[in-house]
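Per-chain residue numbering starts at 1, and chain names A, B, C and D are given in the order in which the chains are listed.
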Amino acid sequence: MNKTIAFASEAVAGIGDGTTVMIGGFGGSGAPIELIHALIDAGPKNLTIINNNAGNGHVGLAALIEQGMVAKMICSFPRSADPKVFTDLYLAGKIELEIVPQGTLAERIRAGGAGIPAFYTPTSYGTELAEGKLVAEFEGRHYVQERWLKADFALIKAELGDPLGNLTYRMAARNFNPLMATAATRTVAQVTRIVAAGEIDPEQVVTPGIFIDGIVEVPDPEQEESLNREGAVYP
Amino acid sequence: MSAALDTLKLSSAQIAWRAAQDMEDGAYVNLGIGFPEMIAKFQPEGRDVVYHTENGVLGFGEAPAAGEEDWDLINAGKKAITLKPGAAFFHHADSFAMVRGGHLDLAVLGAYQVAENGDLANWSTGKGGVPAVGGAMDLVHGAKRVAVVTDHVTRKGEPKLLKRCALPLTGLGCVTRVYTSLAVIDVEDGRFVLRERLPQLSFEDLQSVTGAELKIHGDVADLAVPEL
Amino acid sequence: MNKTIAFASEAVAGIGDGTTVMIGGFGGSGAPIELIHALIDAGPKNLTIINNNAGNGHVGLAALIEQGMVAKMICSFPRSADPKVFTDLYLAGKIELEIVPQGTLAERIRAGGAGIPAFYTPTSYGTELAEGKLVAEFEGRHYVQERWLKADFALIKAELGDPLGNLTYRMAARNFNPLMATAATRTVAQVTRIVAAGEIDPEQVVTPGIFIDGIVEVPDPEQEESLNREGAVYP
Amino acid sequence: MSAALDTLKLSSAQIAWRAAQDMEDGAYVNLGIGFPEMIAKFQPEGRDVVYHTENGVLGFGEAPAAGEEDWDLINAGKKAITLKPGAAFFHHADSFAMVRGGHLDLAVLGAYQVAENGDLANWSTGKGGVPAVGGAMDLVHGAKRVAVVTDHVTRKGEPKLLKRCALPLTGLGCVTRVYTSLAVIDVEDGRFVLRERLPQLSFEDLQSVTGAELKIHGDVADLAVPEL
């Protein structure tokens, strides 16, 4: 079994117009910048993107949005140090936004990967984000029903990967990546280093290979924060 | 009929061998406790299959030699196992996320009864005693294919493939293929479709020990299995 | 912060009559035998025990049941190589049994720890284990509503532990332990070795200390399977 | 009143200092993005507090020196952090399991408005623009205590403590204590209960800048805070 893919361009080749894509990361931490840039190069339109944020500056997710490739964002916090790209399009009515509380976003993605079509959470009860949603009472407290969230594709970033697709993550870059890996029809990970099967201690695997369809080695991945401090723009 | 069947019918090992031939290269597979576990022995060469066990291991291998067991490293049947390179451990919630979430390609289970609508009964004889379900009700949901390996009839010679199950159900409409001691049968659109039968056995004789109509769509191949 | 407890007897001291206790392990793998034996020594009655199984032989959970301390078992599979202790009491009507599919048991415990009061699962739909439960249809498929499961106490087994309560697990002994750690009012872990804070790589912590109230070092823990092969009986 | 208040009132650092005094030894605490983060600076000596950040870190410490940042190691405000010994990383679902599951002892948030029934509005000014909620709606549920740090009044001098919030809500009945620039106030049984006020400020003056009745149960202590 060898899930290695040679080029990022090949990894994103299946993402066509109208695809729903989960992109890992919390801000720049754990964001698969190189896969996002390969997706920009490929150029599909009318994407729905699921991410915690909505891009920062003019690289990565912000660049994807700036290219006009994104029809809808599903996220919890579309603000950043430099949110101009998203903000302008949103205020001009040119991009749709579904705002989801951060913990609910995480749990909906987990549910999508775990075969749980719906669950109840106290989060958002009584607020405008719960409008139109089913409410139920359990032991005297009110909860909102939330639905699973799935995607056609997930693009994630990991640290080590083996040919079976087993992954580890670097520090807080873990965030949404292991969840999104489980909830997409096809998941591709960029990893800093590919190691041989067995080199990752089975107790230290964070994402077991069953969730992964392809891995691409990107030895020195860019950090969104560093790129933005340099004023980088993609492409 | 019964005595004749007993001489004709495949052994458990032979049923397991036949089921093993359908495992695809690269598949993620859960083999139920007991008889289905035997399928791993017959995995065709050159096919890479990753085995999942509900208690939280992916990529396990054969049993260790006697005396080499580590009792922290067991399968769902609580038998000692070994690891292949690239194995992973995880907790039970993650393990059943794999199961329910549609990440397994194949689950193979035993059965008391299978109905033509795909219903499966394999967890309770309905006779009282101590009920025990384990992971069976989870496994029947989520895997892309849910196969059953079973004798074609009970020890008393009664059909196990029926119009409707009489025993308590494990899951509704979940079985996609049945490998029996006499035939290979798919469940399609609520009907049993015969794919292979032992060449020594006539269709009529097979139908007579099957509790629901066997449909034929296209060719019925010979069920050919080596001596084991 | 130091969650270390010197003796197993002290670790189980808060478990009184009528307590609901989660006990980790899948069969003997990951079973906190020494904590269970300390609980037997303490002798509370009328316990509700949540475990995947219902004991094997005459040690650990089986011994707890044999002492008549357990009023009710919540488990998925009350069978084992030697299930006589539970079987006899059950058939004599002297112990109550709630049978829960294994994946549902795991998910209910996770939900208890994660503040999710209810969720939907395809598991058990149309079977007698779904009788009396709410059913809902999502995208044309039927699902059963299941409720969270919590406990007063959890007794678990881990491999390494630090004074903050961070834990790792040995191989497949992980099973239910990290889930139960999250779902009880008070969780105590027996660990094979206590290490200093910082000695467990933060990326390799499986159970963060926030879920743990006490840790007891048990340097050479017994294995249920080995004890049973020796015909051991506790006390 | 407003000009007088401006000279009397506590600075943000002083509000943060006061809130920090209530953090218990051994507590697990989440400090909201922005102003609440400042509380960590004033953690009383000898108290061991473990800080949680929603993006998946428990046990983080101060910001690194400029130039020493690692952008894979950030907090929910996307600022670089460092680790204390005994830290742990986990994914977002586990992180919010800690939040919703009742495992945090304390969450401290900022506020646009707080109502006497404990309702909190802190995520949307209701004026359009780009809505952004982040983890606020999760944090208000689950933590054993949910405290707010805030100026007592808006920049325009209008009360932020009200009978009912006018802005879009973050959560219902969730706030247990409010640390303002003028007072410390608990929410009990749907009423504001005054616990401490600046000694230079009369009760009447405090009430006049508060949009709901301040109840007094027992003693009202002086709100005493060092120069910072």
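The rule we apply is simple: contacts are C-beta pairs under 8 Å (C-beta built on N, C-alpha and C of every residue); 3 or more make two chains touch, one makes a residue touch a chain.
All figures in this text were calculated on a predicted structure; none of them were measured in a lab.
Student: From chain B, what is the lowest number of touch steps before chain D is reached?
Tutor: Minimal hop count between chain B and chain D: 2.
Student: Kindly list the shared contact partners of chain A and chain B, in label order.
Tutor: Touching chain A as well as chain B, we find C.
Student: Distance between chain C and chain D based on Cα centroids, please, to the nearest Å.
Tutor: The mean C-alpha positions of chain C and chain D differ by 37 Å.
Student: Using mean C-alpha positions as chain centres, tell me how far chain A is from chain D in Å, no decimals.
Tutor: Taking the mean C-alpha position of each chain, the two centres sit 30 Å apart.
Student: From the C-alpha centre of chain A to that of chain C, how far is it in Å?
Tutor: Centre separation, chain A to chain C: 34 Å.
Student: Which positions in chain C touch two or more other chains at once?
Tutor: 107, 110, 114-116, 121-122, 169-171, 174, 202-203
Student: Can you list the chain D residues in contact with two or more other chains?
Tutor: As it turns out, chain D has residues touching two or more other chains at 57, 89-90, 93, 96, 99-100, 141-142.
Student: Write out all the pairs of touching chains, ordered by chain label.
Tutor: A-B, A-C, A-D, B-C, C-D
Student: Once bound in the complex, which stretches of chain C touch chain D?
Tutor: Going through chain C, the ones touching chain D are 1, 110, 112-116, 162-164, 166, 182, 196-198, 200, 202-203, 205, 208-211.
Student: Taking the complex as given, what residues does chain B use to touch chain A?
Tutor: 26, 28, 48, 50, 52, 57-59, 83, 85-90, 93-94, 96-104, 141-142
Student: Inside the complex, what are the residues of chain A that reach chain C?
Tutor: Per the stated touch rule, the residues are 107, 111, 114-122, 136, 138-139, 141, 143, 147, 168-171, 174, 202-204.
Student: For chain A, which residues are in contact with chain D within the complex?
Tutor: Touch list, chain A to chain D: 26-30, 52, 76-81, 83, 86-87, 90-91, 97, 99-107, 109-110, 121-129, 169-179, 206, 223-226.
Student: Could you please specify the touching residues of chain B with respect to chain C in the complex?
Tutor: 53-57, 69-74, 78, 89-93, 95-96, 99-100, 119, 124, 129-138, 141-142, 168-172
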